[in-house]
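Chain lettering (A, B, C and D) follows the sequence in which the chains are written, and residue indices restart at 1 in each chain.
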Amino acid sequence: MRHAVTAAWVVFLFSIPLWMTDLYILHILISAGIFTIAAISLNLLLGYTGQLSLGHVAFFGIGAYTSALVSLGFDLELTDSYTFVFAPWPVWIAFIAGIAAAGLFGWLIGKIAFKVRGAYFVIVTISFAEVVRLISLNWVDLTEGPMALNNIPPFGVAIPGLWEQTFYQKLPNYYLILVVAIVCYIVVRRLVRSRAGRAMIGLRENEALASSVGVDVTRYLVLATVISAAMAGAAGGLYTHYIRIVDPDIFLFIYTVTMVIMVVTGGKGTTAGPVVGGLLFGILPEVLREFASPEVQWVIYGVFMIAVVFFLPQGIVPAVTSWWKARFAAPEGGLGTPEGAR
Amino acid sequence: MTDTALSVEGLTVHFGGLVAVSDVDFVVREGEIASLIGPNGAGKTTAFNVITGFLQASAGSVRYRGASLDGLRPNDVADLGVVRTFQKTSLFSGLSVIDNMLIGLHRRGRGRVWEILLALPRIKAEERDLRMQAAAILEQVGLSHRGGELASDLPYGEQRLLEVAIALAARPSLLLLDEPASGMNPSETQDFMNRVSAIRDQGTTIFLVEHDMRVVMGISDRVIVLNQGIILAEGTPEEIRRHPEVIRAYLGGAAADA
Amino acid sequence: MSNLKRVALFVAGIALAAAAPIAGSAETIKIGVTQPLTGAVAASGNYVAQGAKIAESFLNASGGLLGKKVQLIIEDNKSNPKEAVATAEKLIVRDKVPALMGAWSSTYTLAVMPKLMEYGVPMVVETSSSGKITTSGNPWIFRISPTSAMEAQSFGTKVGQFNIKKANFLVVNNDWGLGASNQFQKMLKSKGIAVGVVETMDAKATDMSAQLAKIKAAGGDTVFVTTGVEQITLVLKQMKEQRVTQRVITTGGSSSPDQLIAQAGAAAEGSFHLLFFAPWFPGSAPNPEVATAFVNEWNKRGHNFAGLTEGFRGHDGIMTIAAAIKAAGKAEPKAIQKALWGVKVDGVNGDIAFIKQGPKGKESAQNIPNVYVVTIKSGKVALP
Amino acid sequence: MPEFLQHLLNALILGGTYALLGIGLTLIFGIMRVVNFTHGELYTFGAYMVFFFVMVLGVNFFASILLAMALGVALGALIEFVLLRPLRGADIDTTMLVMIGAWIAMQNLEQFTWTGIAKSIDHPFPLDPLVIGEVSVSWVRVFVFAFAVLLIAVTYLLIHWTRLGKAMRATFQDRETAALMGVNVKGIHTLTFAFGSCLAAAAGALLGPVFVVAPTIGDLAALKAFAIVILGGLGSIPGATLGGFVLGLAEELGAGYVSSGYRDAMGFLLIILVLVFKPTGLFAAKERIG
């Protein structure tokens, strides 16, 4: 039964471009999909290890910039006589490089996270994102600064010499992002239902106890940060080759806040939560666009976030799940706990 | 039975200018139930914290089965087979009892991250195995019927049992219990003592910090008395009961009652 | 998994709701405008939009285009390149506009450019100054604003009367500021004038004291400033505070001298400003009747007078597109693109016509606009 | 040399207002364990209130600053009462989420009310600067500095010499014990938040006339306040004071001798360095990490 529902859901997602002819709506869905991937990645940190990382957009941006730079190529005048020239690489390799770079920075932040927790960790992560933003803004030789990196090549597939298709259109980008999102969803789902994921949940729930039974706190914090950062980097790479421009504003704190709102609203510490939150807040701005100016929209989001924390602290998914269970009985196995309850 | 399992030598802990534990030596032997007692602030929990890597000693050394525990982190200590419980009830309280157990079984799993992500068959087999082990330990402490419930929903006595079960899941060869019976009613306490003895009989050495003298005197093979950071006395419950300094400093009427 | 099903329903619902109101009327000719109406550079973007609306009503008052009413669809790009892309996407795909005007900053324009290629829609660029825009081989670009190089060149013919020995630069660290600083340095050096320090500032920075201390220490008689009017106000005030006595020349055409007089007061005295329209003297513009009509309508609508130096661009941009639609005889992107190459428009700035720039075969179009210099003398704008 | 002296003077003046910002934030964290993300918005609020009183209503400049501070107190008390009081006992992450929501809502309300166009405020000080030898500084900045130092001094006196201060310190040390000893912890929390907000509004009210007022000025102010309190150690008032001046110096020298583009990055780089090498800040208050 559950498999049937999952399959129906996946088929539905795959069928959308077949009957949805309005490209603009497809564009909205693609953007929402990219942010959903970012939200899924943030959820691993925020929801499962309990680390409120408010610099998550840094990983997204690092993925985007790395992928863009590797696919565009760049040169750096290191000394007057020597210029380092980096030739462009194929987009797929650039995408992987972006994921790796984001993962690497995740490793660094994970190491710091072990030293400082709570309010300190939050501020360190904010600072990290801000430093990265200022570097992207000022290292004009590499990043073009506020002028942004333009004309970033889109993804494409090719059989050498025979056939090639570059993803200028919405359709292939939609499928690409859908596939990546599904992969990320499965990664998080498998992880959190495994020994490794339980170690992360354990250190969220009670770090002292977890370490006393042999959970290596540093290792799992770093692991979670690396995987989370790498997924955020993947989202950044998808973004960069779809929008085909990346500028320092990508590091704005407001995007982290968007991801946090998605996760918290959907239900942190649940696998479906960030998907629900991501789609909701990916699509809502476009629906509201007609009725409310952006500042009014943001006022609504801010108030909404407060309301969720006050009245629905676990988020939509756990609330709906428990309502469903109460109504239709049949408790399920697995990590059948009100996840996120704290 | 007389092999030394845990040995503590010259242990000293300062907090700022305060001396919590001062030049303390003691051993715990393989297969015994040893108790560490003393009035509040005597340094019992501090000693536990040092042994299990939660606190850095100012001086002195701790060895377990020949390996030094100095400077190890709690999870490294657990890897050597030394596992503890905490003075204040300490559970993964937002999770179900069975999930509490599965986290406790962390050390028994072997699955690596890439294997997990690929969902290899051996990971699935391991999961099934871990769940069976969890059920077995719950059975052992008498919590089988609670598996699906939220840990925080359990009555107090069962929460304390669950703590022990979680520690047992980490497969300790030395189990450190920090005031496990505090807050239990007499029948819960009696039941608890039986279970601790049973655990020892299955080959786990037990080192206990406890205030309840019925527990200490009832199950200990040996008792170590700590007072104001130094060892006051050491011996069998019978010897401790009669030790004049212990009676004066600490036990008073309680010893006579027991 | 049941919760996911709910999401599916929700998504489908949204999709249906969004798909409903598409059918537009064929009674109007739509022109898309993307401008920063909110965010960091909102002030200028709003002026341009106001100017564009004046052009719209002028056109409709004289009978519209091809017998149809002209309808501007103005979208807010929120001072953000990503949003600029989103607005272009929306205007082209949803609203099906045959031509665009935008997107103010070079950064936003550069961001939009791949979309023009993708969908084949021409865009008139009204403000952006980066050289890259017309040299990257995008045949859908028609720029009416000057590049920094053109501005520098034009100023070069007048630089003699300023008798500059050594000049410093204080510019905003984006394409606009850095581009201007490069081109003006090049021009100055070619005239044998020394360049001191080149300092940059973030667009949102408010305290320029450190940069000014450096500029003061570097010596020199002139400092070229390129940034928005808010930041120029701060620079002028803080120069006074730190007793930096070098002469200020602002470039880029966004200095709005009236606002400077109002907000910087005496600190603005004696500064010079390069502009692309001098609304104080509409009579001396190349097309006096067009300029006067525009200024009158602007004042009649109660818009901020200080905004005229920006707002005229919106007018000229829309008028350029309108002329092309008229010449093409139909409102289709490809036809408009072709017709734009031949237009001759009497704009507020001057006569608008396009020359070719960029790689052969896919040239972009560039207009050669006029550049004016004004100064602030005893609290009034004057010709130097 | 004169350039260096000028940088030092600028840093000193800047540091005064930074310290003011930092003290307000650190006080709130120390006593309430709340990371106050609305701090920057109270700064913005103070600046806009001065704009409103001076430029719209034509109220006297100095009276406007005092009015802005009073309104800062009121707004702070309101936030505490509506958002934080019901959440007492919730974990720090929960309150952080609520404060982030409040921050977003407040900033955009400001944007909605005043539009995104920057406003400037007239002040009664002469435009010609105060000249001391080779260096100079505007009179309005001298005033801002003096007022900031005065407020810092008042804060110290309040904390160390009044009954209220004693109760605040007791709450800071140990909330439960303070409550047992008869301290009205609820009241202390409201007062603390209102007072911290007042300092933020004061910083905004003072700097508004020096720079310009825009809806987003609070973001950078808040981030800098975070940097300052981390530098000084969360909850430490002397630390925040010194942190303010250290940040002012780092920024000014960084901009002067490294690159003006990285001016605003200095604070964050300092934070990361401090936390890597001395995680509790330069002046660790009674605060364990974790």
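Quick note on the criterion: a contact is a pair of C-beta atoms (placed from the backbone, for glycine too) under 8 Å apart; a residue touches a chain by one contact, two chains touch by 3 or more.
Values in this document were obtained by computation on a predicted structure and should not be read as measured data.
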| item | value |
| --- | --- |
| Contacts common to chain B and chain C (chain labels) | A |
| More contacts between chains, C-D or A-D | A-D |
| By mean Cα position, the chain sitting nearest the middle | A |
| Centre-of-Cα separation between chain D and chain B, whole angstrom | 48 |
| CA centroid of chain A to CA centroid of chain D, Å | 32 |
| Distance between the centres, which are taken as Cα means, of chain C and chain A, whole angstrom | 35 |
| Multi-partner residues of chain D (each touching 2 or more other chains) | 111, 261, 264 |
| Multi-partner residues of chain A (at least 2 other chains) | 137-138, 293-295, 342 |
| Shared-contact residues (touching 2 or more other chains) in chain C | 38, 173, 202 |
| Chain-chain contacts as defined at top | A-B, A-C, A-D, C-D |
| In the complex with chain C, residue positions of chain A that touch it | 2, 5-6, 8-9, 12, 16, 20, 22-25, 27-29, 31, 137-138, 140, 145-148, 150-151, 168, 243-245, 247, 249-250, 272, 275-276, 279-280, 283, 286-287, 293-295, 316-317, 320-321, 324 |
| Of all residues in chain A, those that touch chain B in their complex | 187, 190-191, 194-196, 198-199, 201-202, 205-206, 208-218, 223, 331, 335-342 |
| Interfacial residue positions of chain D with respect to chain A in the complex | 29, 35, 83, 86-87, 91-94, 96-98, 100-109, 111-112, 219, 223, 226-227, 230, 234, 259, 261-262, 264-265, 267-269, 271-272, 275-276, 279, 289-290 |
| Chain A-facing residues of chain B, complex | 52, 54, 73-75, 78-79, 83-86, 90-96, 99, 102-104, 106-107, 109, 111, 113, 116-117, 119, 123, 126-127, 130, 148, 150, 166-167, 169-170 |
| Complex interface listing, chain A residues touching chain D | 50, 52, 112, 115-120, 122-124, 126-128, 130-131, 134-135, 137-138, 207, 253-254, 257, 260, 264, 293-299, 301-306, 309-310, 313, 342 |
